[in-house]
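Below, chain A partners chain B and then partners chain C, in two separate complexes.
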Partner chain A sequence: MPSNKKHLLPNNIQENSEAEWLGSLFRKAVEDIERSGMQGTMLAEAWRFTDLNSFKVFEPIAATNTAVVSCPKFFAELDAVELHISNGALIWKDTFPEYVDLFDLADRKIAPSWLTEALGSAINTEMHPFAAINTTAFSGGVAMRIRKDAVMKKPIILLVDTQANDKIIVANPRVLVVLEEGAVVDLIEVHTGSGIYINNVVTELIIGKNARIGHYKLQTEDTDAFHIAMNAAHCAANSIYDNFALSTGAKLSRNEISATLDGIHTKYSINGSYLGCSDQHMETVTFIDHAKPSCVSHELYKGVLVNHAQGVFQGKILVRKNAQKTNGYQMNRALLLSKEVKINSKPELEIYADDVMCSHGATVGELDEEQIFYLMARGISKKQARAILVSAYVEEAINYINNLLIRDLFTMVASNWMQQNITDTQDINGS
Partner chain B sequence: MSATADTLRHVEEFTSRAYKHGFVTEICMDMAPKGLDESTVRFISNKKEEPDWLLEKRLQALNYWRLMKEPNWAKITHPPIDYNGLYYYAAPLDKPKLNSLKEVSPELLVTYEKLGIPLKEQELLAGVVAVDAVFDSVSVATTYKKELEKCGIVFCSISEAVRNHSELTRRYLGSVVPSMDNFFACLNSAVFTDGSFVYIPKGVRCPIELSTYFRINAQNTGQFERTLIIADEGSYVSYLEGCTAPQRDENQLHAAVVELIALDNAEIKYSTVQNWYPGDENGNGGIYNFVTKRGICRGKYAKISWTQVETGSAITWKYPSCILQGDGSVGEFYSVAITNNLQQADTGTKMIHLGKDTKSTIVSKGISAGNSNNTYRGLVRAGRRADRARNFTQCDSLLIGDKCGAHTVPYIESKNPSSRIEHEATASKISEDQLFYCTSRGLSAENAVGLIVNGFCKEVMKELPMEFAIEAQKLVAISLEGSVG
Partner chain C sequence: MLVDLIEECNMTLLEIENIHAEVDGRPILRGINLSIEAGRIHAIMGPNGSGKSTLTYVLTGRESCKVTQGSISFCGRDLLSMEPDERAIAGLFLAMQYPVELPGVSGLTFLREAVNARRKVAGEELVDSMEFLKMVRSKANSLGVSDEMLKRSVNVGFSGGEKKRNEILQMAMLEPRFCILDETDSGLDIDALKVVSDGVNSLRSSDRSMLVITHYQRLLDYIEPDLVHVLAHGRIQKTGGKELALQLEQRGYINFIETAA
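Moving on, here comes the complex of A and B:
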């Protein structure tokens, strides 16, 4: 973390310090920011692939609310309830069923106890300086609670939009999702925007016993924007958490996903894909903390990089001492389609229990020439052959989305990207 | 199942055993004053009758070192090392120059006999292994030198090489691991005392396996070995390094530097069996092994192969690496690391692909037992010009008992799309099924585990030269004896 991070703090942090219910959380985050410059090796290591100098140009001002925005149209077909966050503030909410409690985090007067108990509980701001900044500076966002045994039939679409117009702004939206025992919900998070801005978003999920959540994130920020996301979950026993993230946007994105599996028989699947072109920097950081026995985690990340794009994958599985019978799988594959792309991959295992099955893998390479030849020999153009192979490659990850309707939507986004970015001219062979 | 209980019982049994190679030889020592400053460096250089350029190099390194900070990124913990509380030079007083083994002091010979490398026997047996035995810091005896000289091979101590082959040492010493490379390499560059030097001339295939036994003896003596191996065009050499150390309560620091240089079509095979004193069951004593080993395939189609069996040392911090500069060059790394009690091992490799069509293979097997921590940390990097570079990495960890840790930290960095890099890693314990299968066929639990673990390591063991394979198998057996049920 650079020593000059203070300039990323927008000018409204005073508001958060004044909100009484936020007081202690705020003070700790401020302390963490002060301290984080001294955290040294561990923190530097976590950020070693990210060029933080690119933030230096910023003299950001706090985002102000803008007009109503609408969902990308391909999501409009989905029968869902929507929440819109614009420039860090909640500006629109559909009517939700009575078993869902919603709270606008801009409300500084009094907060329900379920919220104050949960907010900040899944995040260690000490090790996540941007999450600490969000904690001190968020001026809005949404907290929701799905009550015990409630089953949401319609998925929730959470649209996070940032409009910079002609100013450089930083938005700090905050999202909290609390699932009580046995609750079931599908949540789609969509990030869009236009202009030069930092979207520094923190999403926390507190997943109760036997609860089930499908959480699907689509990041299509402006290609001049910075997307720094922290997605932290706390999973109780027997819960099922299905996480998927598809990233195509932003000039620099760092999508950090962490989960603590804090109850037996928790099932956690964390899959995703990053599709990078031009000079995008796309970073995915995942951390799975197996804290209790008999949990299963499955991770598959697939990246496609063209032009000058740079991909980073840092994945870590921690198996704690008593987390026996853990089954952990982690795989990151990156497909490099042009000569100038770059990939840094660091899949990491840290294991302190012996009766476990943990494996991880990583591969980096180009498309198989023989496969392209096979398709071309059957009358398919080179461009099409490449597109077919790349989409098959990405779909392997997308197919882990459980909800079929949502899976189709994500497939569509990916294939749109491919149509624009996969050509037959990208010559990859060194010859 | 009882296997787990058995394991625990055996771990306890094993940990209560004394270190087999723990003994101290009483020989009068010639020591440099305690501490590290310019005078120490001058003292060492003077003792070695070194030319000025080397002294200058040493002093430069010392100045760099003073500005450097001890690295703290590895997954190891230890109390801070007092670098001024160490002796940087210790040599057996008795025999500075020897013509035959008869002149070697009898205590020394007994020491080696206990270690199982009787020089006398070696000389009598003729023609299998040449031993450049290093007792603490000075080469005591070098055998088979003459036979090697016939082929034009230079195999001597590094201080001798500095005196007699200055054109080679001056050109290559520090060319792979520069003085400022890292904290421990820098320290070594300033105070290295002795080590081996090998030069294989063009087109020569070294007829025997070259071997050096290192031995840390004097209490409180930091051991700073320096090894330099140069394989000229089209040559081949296999080099063995083996270590054991006597039991001491105070921690001993070992910061060696090994440099390998392979020119066009040359091949260097470097094998290590490391069995230094790992400390007792409470983590008292034991060797700190902070080693920098690096080879460069400078020429086309050169090959460097590292094989290591690491069973000893309280702390191992070691990353034998290959820089694949020449087109078509090959790097290999085969490792078995076994940790027990409170041992900590943070080891792995770096494969830096620079040339076209370079290939590398990494096979790492980590076995952790007791309260130990065993980390694989590796880097595979394909540079912009490394077209069609190919890497395959496999890291397997075996956990024995629920108090140990096994970690894998690989870094993959590719700037070339036509490079293909694969990494896979697994961590598990010995499966009950495998154990059951073996025991139901009449094997005792211990033998069954021995069999399974041997199978687990086999991929690496088969890479060791014959002479070493037997010793290594014994070592693995000793390390696992009792530690697994």
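Moving on, here comes the complex of A and C:
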């Protein structure tokens, strides 16, 4: 196993070791990779659904930034400010308001203290070997700070594109978002690309007291690509984190979302949908650490799997001893539209407090023939009837996106997927 | 008198010939013959288990029901060779006895998809959601269907009356040639029955036919049929004018069941 990971260390590893401000973080990550490896029991359990042998094709080639890319055109309607990362490097930034500080992580000379204090503070690289790899190897990316009480009216679009061209590459983009007390922002993270590559991305969010962030992620990587993401948040008291992750891309994707709710009355909502076809492997791993009392967490994932797609959902809620009055809800529902699809659901609760309200569950289902007939009896084709019902199924989760414009955009992406991937012949009975 | 009635009609919309059908291998329909002309309203009455529902299944193309013998022509086309959606687009409409709940599908989306399915086949421009709300509103209001109800998930949390009004609204929007009303009166109080019947009556026209399926004569006070058929044991046992419904109400189905057996 460890050889797999060493294999993934890009040859520009030296760069990060040279950056003085990154020094200790880098050294710990290298140690974590070399010491714990995949052999730790907990670690092996967390990665047991992911076929790490499939990573062997990757040569340790550093990604180099290439073309300027643009967001998929349906985002044009959104009046947003944009940041573009290409092959791991920040290549474009719009003009941001004065209350937003931006820092290009390729800059190795000097970093502001808000950055050095925050970077790496929300993740444990011991438990996440790919985040450790990212930490040792990221050659670029972006850190941003939204200052105290600033309310960002325009959403931020962060486009992360990876172009492998003829080579096989590993990109390690790094993103840090710091919200000071009372700051408000919507961030849309879009992952696209073409070719065979690993996009090994780490996004850290440090959310201050009373701050509010909508963080919406769209993963539409090339279907030959690997998407390994760590999305870690540290939430202070009374903050609100509203997250939605929609995945349609990548041959293998593993989207890990974790948070520490480290102050009272935090509202943490992570919802999402994975839409898998052909032989895609789509994995969602979530971990919510209720560290302080009276926090609310809400998690609804809805998956749709067709052809030979595989879904994995591992969700864990930890409620610490003093986190009384915790309210936690976690649900993974999957719609299985062919005999050959596979889903692994592993919901877990670990509760040490005695006055909490927590529930979790997992369901699998298929489309209802009565509903299909009802739609067809009104003249709607079987294919369209199925697409309408699958869309409705997924929209139950999408409707948790607070920002209505963004909700519409995600609905549209999902509905485009339905039009392309839902046919009238898929049937759980194999017709 | 019957002969006179039939002679008045110059075009047969639906022609059912000697239909035998089974559900789960059990024969239910045992030779149904029925001819319905344009502009006519026929009622089918019958006791539980007589085959009324199975007849609607055969007409609308439910997979659960297997036709073993006979033919049906609709507007000159072979109905049995058509898929349920093709039948609907050809002008067949079933107002369901138990309208299905569609969680997450709004009434507006449902109706718009249905209208657009027809437009697509006709090669017409598809209608967008804003435009569509305007199209629906006046018809919806006359049936007491509010904007709020249109935006809700289809039939989810609807009362019996709301579900049936919603069915009639769909009928009004889709303007079918032939409507099957399957126990539309079930679950309705008198006021709701009046609203629904007014809705149905406003859709009566010289080129639209209806088949009203009911247990009770009551509905036929509101929607007056041209002909009434009594269905029992999978066959039409008797056909008459609307006075037949009154006789049934007074004497029950028992006579027909005995003669059939």
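Criterion: the second predicted complex is superposed on the first by the 420 of 431 C-alpha atoms of A that agree within 3 Å, B and C clash if a C-alpha of one lies under 4 Å from a C-alpha of the other, contacts with A are read in each partner's own complex, and residues count from 1 in each chain.
As a convention for this text, a residue touches a chain if its C-beta (ideal position, glycine included) is under 8 Å from a C-beta of that chain, and two chains touch if they have at least 3 such contacts.
Predicted model, so just to flag it, every value in this text is computed and none were measured.
The superposed arrangement places chain B and chain C next to each other on chain A without a clash.
Contacts of A:115 after superposition on the shared chain: neither chain B nor chain C is touched. Shared-chain residue A:81: touches no atom of chain B or chain C. Contact with chain C, but none with chain B, is seen for A:374 once the two complexes are overlaid on the shared chain.
Shared-chain residue A:393: touches chain C; no touch with chain B. Judged by the touch definition given at the top, the superposed model places A:343 against chain B, while chain C stays out of reach. Look at A:357: by the touch rule set out above, it reaches chain B but stays clear of chain C.
When both complexes are overlaid on chain A, the residue A:127 reaches neither chain B nor chain C. Judged by the number of chain A residues each one touches, B leads among chain B and chain C.
Superposition on the shared chain A places chain B and chain C such that, viewed from the Cα centre of chain A, they span 80 degrees in steps of 10. Taken over all C-alpha pairs, chain B and chain C come no nearer than 18 Å in the superposed arrangement. Taken in their complex, chain A has these residues touching chain C: 369-371, 373-382, 384-385, 388-389, 391-393, 395-396. Chain B contributes residues 72-73, 356, 382, 387-388, 397, 399-429 to its touches with chain A in the complex.
Those residues of chain C whose C-beta lies close enough to touch chain A in the complex are 60, 62-63, 83-85, 88-89, 93-94, 96, 99-105, 109-110, 113-114, 117-118, 153, 170, 174.
Residues 40-41, 45, 321, 324, 334, 336-339, 341-366, 428-430 of chain A are the ones that touch chain B when the two sit in their complex.
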